[in-house]
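Naming follows writing order (A, B and C), and every chain is counted from residue 1.
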Amino acid sequence: MRPRRGIVQGLLRNGAGVASALFIVFLVLVALFGPVIYSGDPLAISDSPMLHPGGSHLLGTDDLGRDVLAELVYGVRVSLFVGCVAAFAATVMGTLVGAIAGYAGGWVDTTIMRIAEFFQVMPTFILAVVIVALLGPGLLRVVAVIALLSWPQTARIARGEVLRVSQLDFVNGVRCLGVPEWRILFREIMPNAIGPVLALGTLIVGYAILLEASLSFLGLSSPDIVSWGRILSVGQRFLFSAWWLSVFPGLAIFATVLAFNLLGDALGDLLNPRRART
Amino acid sequence: MSDSADPILEMQALCVTYDTHGRVVHALQDASVTVSAGEAVGIAGESGSGKSTLARAALGLLPERVGRITAGRVSIAGVDVTRYTPRQWERLRGRPLAIVFQDPLSFLNPVMRVGAQIGESVRRHDPHADAHARCVELLELVKLDASVARRYPHELSGGMRQRVMLAIALGCRPRLLIADEPTTALDATTQTEILALLRSLRESLDMSLLVISHDLGLLRWNCDRVYVMYAGHTVEHGRTEDVLQRSAHPYTRGLVEASRMRRRADGRFATIGGDVPDLRQRYHFCPFVARCAHAFATCREAMPPALPADGADHTARCWLLQSQTVPA
Amino acid sequence: MTAPLLDIRGVTKTFRRHGAAPLRAVDDASLHIDAGECVALVGESGSGKSTLARIALQLVTPDSGEVLLEGTSLATLDASALRAARLAMQPVFQDPAAAFNPRRSVRAILRQALARLPGADASDPRLETLLERVELRPGVDYLDRYPHELSGGQRQRLALARAIATRPKVIIADEPLSGADVSIRAQLLNLMGDLQRESGVAYLLVTHDMLVARAFSHRVSVMYQGRIVEEGATDVVLAAPRNAYTRKLIAAVQSLEPVGDVAITT
């Protein structure tokens, strides 16, 4: 089956979507090739602390003499890793669970949705803090927490879409051909239901990045991970004397989360099944 | 407004285009319709004929930025409204003209009681009116019990909802009621009831009626005159009996035959070959030429003007009429 | 006397609803179709005709009663026999917009149907022949298109192409003409008639329009509030209806003829 045509053309028409997509591509490139340009350990303590931006240290250095730009470049990897893996995990889990709930209906549906609500009701941030504080820091733990708390949203959307699509006549048409139910779910219903789910997935990336930054800001991330949030937490102490320690990582987080949000919006519009077809 | 000799609605050589993301559709390419006081006029056409666009253009309801009148004129009671802004339309709408649509369920507010919606319409026309009394009056007019006012739209049957929509439309005492496919969503038995209601309303309120439908039988029973539309053009016009029984345009003839769904001698149903016209192009020649069994050279070169046909005020835009040969 | 091709016997189906009384959609309804004939099931909205069609198609399980195909009750069939039986009864639905998976091309749609028929040829030339049989010519032009790129009439033809792909014995069409324009309806009826002449397929034509029933069916069953209130040969029922509701339906349709002399009498 081919993907729906016109998605790329549609995205191109949305200016914000294009800008965001380009920015994200740029981030990926930085994540892949940045460390090549900036060889050496960004966490290495040097002897030139608290330098203003400019000269050989384009964005200045922090209190331990680390180059801020190098830390930002390395930090992209962490942010993208956490964001994408968490969003991916949440999307996959949520979609599977939501689809089964929507397709099976009855007590299966009710049970699953009650469980989803249980997770949704929990205050994400506080729970993340508690878990990391109890179990100790670790990137995978952060990812796991975010995925665990985000899947209900995806499940809800997936369930709604599956419910909508399974009412359409073409599903019955295929059923009358004797195609088994599981095949109908995965080959007929799911491809038509995932549009809004993907859009939500993109938004979750942004949210995950923000959450990870917040956790490292609070010092709950391990000290040997280069994270934008960690630079921010240093910057907080020197807010007025070393403004560059707050502004640059802050801008980086802001721009990245915004890009994913805008991309998510653009995708959401495009993949909306109610959208009039060209 | 102006003096009563002016037709209530007049559309002359109207052209409307829809422009979505660079894709242009010429929904109306040359449509002329006139409705005078006390008349019942019908517009017959299939999908792609432009009939719904016509109804919307008459009330300034073309989608903003997407739909535009590119040529021609629309005047309501003598006032040229072709270039009206949305503000001007707001002041005008619901006074001389009112419209009833095909699907009452999507038109009615689901969270408001029916009586309140009728009252809203009444008050918009006359802020000092006794909305409640008028509402009861209107419900009676559409043959609904006064208790219906307290119900919500989803509690009513399709036929009742259509009557409610009529009541709302009549709340502003329009001089012309436009009904766009008024019974398509209804069952056959309810259809005849609504049609009979429309007829009686017209007579008792001395109101003009413009009925738009693909159903020729419906138009036959409600309209004195009928326009036939094809590819955004009004291709035939005249008294209903003339247009339906002595159709001059090959398309009309085909449409009438196809509507009857009777087998011919060879056991097949009369049909019009080919498919619906492509409105992305502007037709400067007869748009029906691709599907017409009687087309000849001139048909492909120029759009025929309205030529006289059999019957008073009966015209059709067909070159066949010029040569005075009426094909068998 | 041979068993009818499709025999629906005394089916009843009640739907439970949240916060409302249960709805008896179909109440002890019976209907039969012989090979090669066309039976119209006429009823207005809420009559239960669509539910009955779905019961016949095995999409809805009746609370009581049975459906027999060529004398054998479908409920007694094992999985593989049931699969074969399903291929013998194919649907055509009302809304061409929802009748196909929007992500499948015409080729994929037809291939999917042919793939269920053991040993069937699903090559492009075969698909083109199938398309040309429903007058989508030239077939090769349509293979790569997607359903939303086709007009309403073209989509219904595609629906018929898919329906006949598995060489069914009966086609169950639920309001197949309702979404189509008047001129297209006549074309589709001609096509359905041609297909019947060529392959001997029978039709169960579910419709609210008595005019369509009159035009196309040998026998008609009238359904009202879940029950079959009248049935018989179409000409006979139309000329001399015995049930009051049938009379009402006929009157409504006659008054809406574009030419003729019956008046609206309400």
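Everything that follows uses one rule, which is that a contact is a pair of C-beta atoms (placed from the backbone, for glycine too) under 8 Å apart; a residue touches a chain by one contact, two chains touch by 3 or more.
Everything numeric here is computed off the predicted structure, so don't read it as measured data.
**Student:** For subunit A and subunit B, which third chains touch each of them?
**Tutor:** In this structure, the chains that contact subunit B and also subunit A are C.
**Student:** Where the centre means the average of the CA atoms, what chain is farthest from subunit B?
**Tutor:** A
**Student:** Which integer distance in Å separates the CA centroid of subunit A from that of subunit B?
**Tutor:** The answer is 52 Å.
**Student:** At what distance in angstrom does the C-alpha mean of subunit C lie from that of subunit A?
**Tutor:** 48
**Student:** Suppose each chain is reduced to the average of its Cα coordinates; what separation in Å results between subunit B and subunit C?
**Tutor:** Whole-Å distance between the two chain centres: 32.
**Student:** Report the residues of subunit A in contact with subunit C in the complex, numbered from low to high.
**Tutor:** Its residues touching subunit C are 1-5, 168-170, 172-179, 188, 191-192, 277.
**Student:** Spell out the part of subunit B that touches subunit C in their complex, as residue ranges.
**Tutor:** Those in contact with subunit C are residues 46-47, 158, 187-189, 191-193, 195-196, 199, 214-218, 220-221, 244-245, 254-256, 258-263, 267-273, 275-276.
**Student:** If we count contacts the way the header does, which residues on subunit C are in touch with subunit B in the complex?
**Tutor:** Spelled out, the residues of subunit C in touch with subunit B are 44-45, 151-154, 181-187, 189-190, 193, 208-212, 214-215, 248-249, 251-253, 255-259, 264, 266.
**Student:** Show me the residue ranges of subunit C that touch subunit A in the complex, using the header's touch definition.
**Tutor:** These residues of subunit C touch subunit A: 54, 57-59, 82-83, 86-87, 89-91, 93-95, 98-105, 108, 112-113, 116, 146, 148, 162, 166.
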